[in-house]
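Each of the next two complexes has chain A plus one more chain, namely chain B in the first and chain C in the second.
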Partner chain A sequence: MDRRDFLRQMAMTAASAAVTGSVEAQRSVVPLGSSPRDGVTWNKAPCRFCGTGCHVQVGVRQGRIVAIQADPQAEVNKGHLCVKGYHVGLAPYGPDRLTRPLLRRNGELVPISWDQALDVIAERIQRNPAGFALYGSGQWTIPEGYAGTKFVKAGLGTNNIEANARLCMASAVTGFLATYGVDEPASCFDDLDRCDVMICWGNNPAEMHPVLFSRFLDRRSRGERTTLVDIGTRRTRTTGFADHYLEFKPHTDTAIALGVMALLVREGTYDRRFVENHCAFRAPQADSPTLQGEAIDFEAWKARVAEYTPERVQEISGVPAREIRRLAELFGNRDLRIASFWCMGMNQHTAGTAINSLVHGVHLLSGHWGREGDGPSSLTGQPSACGTVREVGTLVHLLPGGTLVAKPEHRAAAERRWNVPAGRISDRIGPHTVEMFRRFCLPADQGGDIDTIWVQVTNPGQTMPNATEYFDRSRELEGKFLIVSDVYPTLTTRAADLVLPSAMWVEKNGMFGNSERRTQQWFKMIEPPGEARDDCWQILAVARRLFDRGFETMRDADGKFLFHMEDERGREVPTWDFRRYYDINVDERLFEEYRGFSTTKHKNLAPYGEYVRARGLRWPVVETDDGTWRETRYRFVEGEDPFVPQGDGFQFYHSTSEDDRAQIWFHPYTPPPEVPDEEYPFWLCTGRVLEHWHSGTMTMRIPPLRRAMPQAYVELHRDDARRLGIAQGDLVRIESRRGHLDITAWIDGRGQPPRGSVFVPFFDERLRINLVTLHEYDPFSKQPDYKKCAVRIRRAPRGAST
Partner chain B sequence: MSDEEQRTTSDTTSSNGARVVPVVASAVLAVAVIGFFTGIAPAPDAAFELRGSREVSSDLPRAPSHADLAAGFAAQAAESRQLAAFGAMAREGRRALTEEPPVATAEEISGALALRQQRRAYDGAPPRVPHPMTQTGSLDCVACHQDGFVLEGRVARMMSHETYASCSQCHVEDVHSMPSAERASVGGPPIDTQFVGLEAPTSGPRAWEGAPPVIPHATQMRERCDSCHGVLAEGLRTSHPWRQSCTQCHAPSAEYDLRPLAELGPIGAAP
Partner chain C sequence: MPITGAVVLLPATPQERQAVVTRLSRDSRVLLGPEMGGRLAIVVEAPSTHEGQELLKSVQAMTGVGAVLPVFHDFSDEHPEVEPRSEE
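Moving on, here comes the complex of A and B:
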């Protein structure tokens, strides 16, 4: 930017600041000599946004949030936040909160009472319990997710519960399961303080996990020597800080990982001792492959990996062979500590399970595993994708604590714990998210057996891929009923038949679990607006309404209400009556019940009270001899993990091969389902930006964030723009085989994609890029690939507007 | 600004271990002193409008280039701050010894607080950036904000905390530099928030008249007091900028910093 540009933009800044609403204008400067902080009470809560799990201190005065402070006692963020976190206190204060239940009558959403709303839902469920599905997200608190799972699996006897996390980190789950036999990272964020090398695999933490990124990066400011390797498909803010940038053709990251493994073996620089003692080898079966695959011996594995020479990898991925060698040299050096991090790039991938497994494999093979700063970790985008969706198990195939619907002994254990008759929990795994919405979008006589979906804490109208076919279509069909609980109007509430106003964040009690197995707790601090109510209460109230209407399976084996709760004097508390909901701490009751499930898979949780005191604790949390509760930083590592016996060094005690070994996988490179061709010559990648969180329903209503990033855009390469006659700021039409979108071009802006590739963020409800994206998904995780499909681009036709 | 424009003529080498005051530091001193005499912070509402000719006169000191920064400009920060403070002392020193130090008027304090409030959602929020920013990750910000300076009546504030690398993690553009922004104002969720943020304190309590006031705000991320109270700060400026160890006399508050109080027990309780 030259000086003239700078000054011109300064003038524009001043002008547009006057136009857009200013949060500051509503505040006057206080009289001299006053102390505005007097009367402000402060209380801890995890941030409402991403999976980092920063703790904030929420300042409340006269029933309203007035300030946020980074919590200096929090181990995750150590007194820092990102710009979203600093402004999270503004999230509840958009002007258009939903405050009353709304029912669609003659095409219009009209206010009704909560009592009427509960009857509407109960009727829909009673009419066809098997056609009902509950769809949530990693924004469910742990008790909400637990109530949802119990409601569906014990109360309705189906497994029709899914969560947006399927679209977000399901391939990370299958990667962990395939490698360690059990879900979730073995390592933790402490790696960021200790690693010599940080490798980002298709990841832009400078924008998506800024606090974690700085935890690593700021070590440089303190004089430490660190190396950042960015393996990506476009230049991002993270690239700006990287020492090495390896740009690969979309989808070919599997070849890069295979190339590194091939060199480690060929050069003899792999960790022979670690591999011999702690690893086994595995590959997918030739026909009908499964997540467990089949065991193969080291020689067979070596032979298959050996095909991926640096030259072949260069051919597939476009990364120069010398860069593959350099990466292999890093991994071949055991004096270094190497931490790998990834997020959506590896997860939203039709070979997501493969690339997740292969990156774990690179670390295991090279012995960069199990030391502080030395290991692989996946990052999550939702605050409780781990705590709720993965650990509680709000997915069609899971039961709480990582137990499985498919295992009869796990079903029986859950039935005992829930005190429901044997056989209540169905052994039929329900439809995963994409399939669930596909069936919701089909008429009943064409296999569309899902007729009612209740959405909580997520916005599928904006986030489902190929949205015309996988969301909008349902709105044209008779007999399909969409219930949506949310805090603001969204694309999903606007399409709904019934809208329920929800309480959010510190308007209710809650618990989250972040990406490093850290379970966190907070208390309600302010009242929700109008008739907005807790999502957990909504589930309990619907369950009770069904109970009252004689729906037999809402009773336990003793005939009591499935969510029967008593006060300390043994009297039943009518938690379904919102006026009485906070008579007891429902969160604590549900959590204590859920906690019983956590020991089966060694995900042990402490009593609720321990989390009240802590800024989160990383499971497994076990009681020590002196009665204190001890968290775990590194799983499967002696001296760190309480379940690894002395003398073993490492023990993968949930091993798929049942011999305490981790699995190093071979997956061949396979091409993606849709690649650019003559008709659709560009790659489209979608993703996020620093200022906005997911579909933007909260952050677009926070003025400082909205002003910094007011709308979505398309990034494209300068040369492509020139060739197509597209100027900076032009309206561009992006078109795929599924849909199109007209959107502003931003050349050399926030990120720089290579030639032949464009990027669009998905936060803007006005610019729904998911009309264009592809619904194809990974065969094991069922997670769709939002990162690549084929599109064509041109200047938008005259008269087009966003 | 091109590199050439930015490049300083300074030679920052030392000889025989003797400390050579670099020209860069002198430049900062010069800016500070000139700024001080000519009145530095503009009125809040005029803070960012264009005024008159924007040609930089040739006798103004040049901003340091990235190369200068890499050559240790940051390390000289404390030194240059001290030099600036000595400049202020040179001007006010006699008076400081014999007279009451100058005190900002209520209007000056209110004006300074109003200016601060324009860029923050609440007291303690990271200020937003009133000019376009480089969109890609880099350290450009520290070129101006490491120690702050005044140029043509505009103050680039010194950062209030130690140097962190990823500035845009917390500080975002107040109004974006995205092209065709007029489209962005059409439709979308409403932006008129109902949030009302915590106001800034106006003064710290004193134990008795004449006692040094305690710090009335959190000091977390505000450990460099001269960011807001140094010689570049109008209204909130200290009356004695040459005193460098602020917390010698002005106590921070463990309560405001949200340090654990439970472990300390009630203040004044018997041991």
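Moving on, here comes the complex of A and C:
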């Protein structure tokens, strides 16, 4: 058998294992760590891209990734990948990797040494620690995010750390907090294998979470009867598989949820027992509403939702009253198992907290909650939006493990754990992302008190809404300094004052946490190019540089370096020296420290070694009597969640009403901040595409993906196109009150927006749609609304180009 | 020549299912594997990743096909092309 025969056989074995699911076939797929005849070494890692967290086996030969295989033993993807995951092995090999630190001098980015770069950062921080902010992402690994949080909160004594998950997941967080008193889904992806009805609330999993969607579709191929309900503002690939499509006017999804609740009550089909035993009712206060709201009784709640009759909902949302009734009938049927999923459509929404809370409420009220296949779940776009941003707490108001800056006892506990003097952690919550960039874009004497932002693993130059005012403006101001760590040139690195080259994915050790509370681990497999270095090392090195320069708060209470680490013999390891960084497993040290925080909010994590062995474990993970570690599929459910006592059935043990009940909310329908009018008569929605991952930094450098979707476009309805004299492929000008963009028209394309509505994906840096979008945000989550603003459309003026 | 292993989620109706299997069996770039529970294992050997991907896309577009899910990709023979996007 020659090498090709061998590879062919491996490919067939992997495909057969995924088809038959047989243990024998799975075993015969190449085992980890082996070096078969062609000299390839295999190791496991989660995919670099989305929040599904598929596991891949990465084949490395002579220091280079040469093959990718879906991991047949991974519960998440069961041996499958999507087109992005299948090409993930090419992500590190774009031709223009950043390989040296670059400093802007006389307008040009010129190479400097790491030593000089560290000095530049340390000087900026020392000059004005309160004006410094760290801005990361849901692509930070867990140890990176933890190091960043400790650096800012314990080392600088501020809370100026944010992450781009504010832009994609914050309303899901506030929805969970408002409903259950604690963040993250109670259920998990297993719902996809068991639900009778899958409801997509404003998301498009066929493109954005294809492996999860295929878990559901797979059941149809096997002949199982399932129902798919797609609730959206434009037809997508998901709609093509739907049994029912409910198209609503942008922003009116709250009315749909209220309409379903009103019918469940009116028809008496809600789950009276579940509600009486496990639920309480809330509404926002009339004045200065808070996330906690005010308690109301069932009768008062009922009276408020009763206004949302099917006819009224039809009037508000455009969804026919009969469809609202049909949806309510599904929820009124306790014999069905109903799983709801959502993502950015519900989160990037100025009423994001409201719609998240209401969808939880529909499930709680109808008792479609807590059984396998029967519950609500939010999905994430980034691989560690949950594991890093939400669990580690890389946001201005959070401390690790879901604890809060606002609670003195949580600050004190963090100070003890970090061994820093009492009072080190500031009680002043810093500016959230939009506010942080607003202040960065204002002169100091006009409230612009943020003067330095260090961006890691994200691309705000492309992704901030209303980008002229919330990003570009800073580049015109004296005294504002932008530091960017990244792997490739981006709009953000090109605007930066200092660029730091980073290692990516399997060029470093890492841990991610996916959308179903699954924590995953991998080891470094290849070397980063040139002088590219781990983001975590960069944080430790800056912290050490400050320590060496006498910055007092980089010391703990014993005078030691805040990130002091020792080897097995008790000798300090100079992890700030990159040559020594891998002398010990820094990830393991940081994770073990972080793990201590995880018990306060019952997000218990296992020791690092358990994650080395497993294809991820869903928290809370607790040790059993026989010394093994057990994960949790369903939280708050007896028999599943180790913290629910026997006999209780369900227990919402972080209940905001402190009586173990979940909250069913009333939020009224409220209109959006900007609606189409005579001047700007179209809705604009932005989003993603199957082939590209977020701002396209990696996937636009993977030739097959780039060829499959080479540039962004505007989708518009054929009637609108005809009326405006726009033909397929014409250059179109999209203009809002904030900016404009010239972009190619795609009529009857992959997605089909209704009349009066257009869609533009945001992956293409050459076609920056965020010059047009709106910066308005949800009052509770502070997450901006990228899904709707008012624009006008016309053929682009002569001479315009993309 | 890259080698790809994939799983096709076949259509639910027998006629559509047969159409997909027939189409794949006639393509010399495709090796058919086991079929079970509406899922078919295939191996694709095309001259380039691009051509292999186009083939998978065309299968995905066939009536009733739920998804085409790649499971294995060896690209050791193919070097990523140089396509710096910043210059466009």
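Methods note: the second predicted complex is superposed on the first by the 765 of 802 C-alpha atoms of A that agree within 3 Å, B and C clash if a C-alpha of one lies under 4 Å from a C-alpha of the other, contacts with A are read in each partner's own complex, and residues count from 1 in each chain.
Throughout what follows, contacts are C-beta pairs under 8 Å (C-beta built on N, C-alpha and C of every residue); 3 or more make two chains touch, one makes a residue touch a chain.
Only a predicted model underlies this, so the values are computations on that prediction, with no experimental measurement involved.
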item	value
Touching partner for A:Gly223 - first (chain B), second (chain C), both, neither	second
Which superposed partner A:Ile199 touches (first chain B, second chain C, both, neither)	neither
Which of chain B and chain C A:Arg61 touches, first, second, both or neither	both
Partner chain in contact with A:Arg766 - chain B first, chain C second, else both or neither	both
Partner chain in contact with A:Pro95 - chain B first, chain C second, else both or neither	both
Which superposed partner A:Thr744 touches (first chain B, second chain C, both, neither)	first
Chain B versus chain C, judged by how many residues of chain A each one touches	B
Interface residues of chain A shared between complexes with chain B and chain C	7, 10-14, 16-17, 19-20, 40, 59, 61, 66-70, 72, 79, 81-83, 86-87, 89-90, 93-96, 210-211, 213-214, 217-218, 220-221, 241, 489, 700-704, 706-708, 765-766
Residues of chain A that touch chain C when the two form their complex	4, 7-8, 10-20, 38, 40, 59, 61, 66-70, 72, 79-83, 85-87, 89-90, 93-96, 210-211, 213-214, 217-218, 220-223, 241, 489, 700-704, 706-708, 765-766
Interfacial residue positions of chain C with respect to chain A in the complex	1, 3-7, 9-12, 31, 33-43, 45, 49-50, 53, 57, 66-67, 69-76, 80-86, 88
Partner chain A, residues of chain B touching it in the complex	1-2, 48-50, 54, 106, 109-110, 113-114, 117-126, 128, 130-132, 134-138, 162-166, 168-181, 183-203, 205, 216-218, 220-221, 256-260
Residues of chain A that touch chain B when the two form their complex	1-3, 5-7, 9-14, 16-17, 19-24, 26-37, 40, 42, 57, 59, 61, 64-73, 79, 81-83, 86-87, 89-90, 93-96, 206, 210-211, 213-214, 217-218, 220-221, 235-241, 488-489, 690-691, 696-697, 700-711, 713, 728-731, 744-746, 749-752, 764-766, 801-802
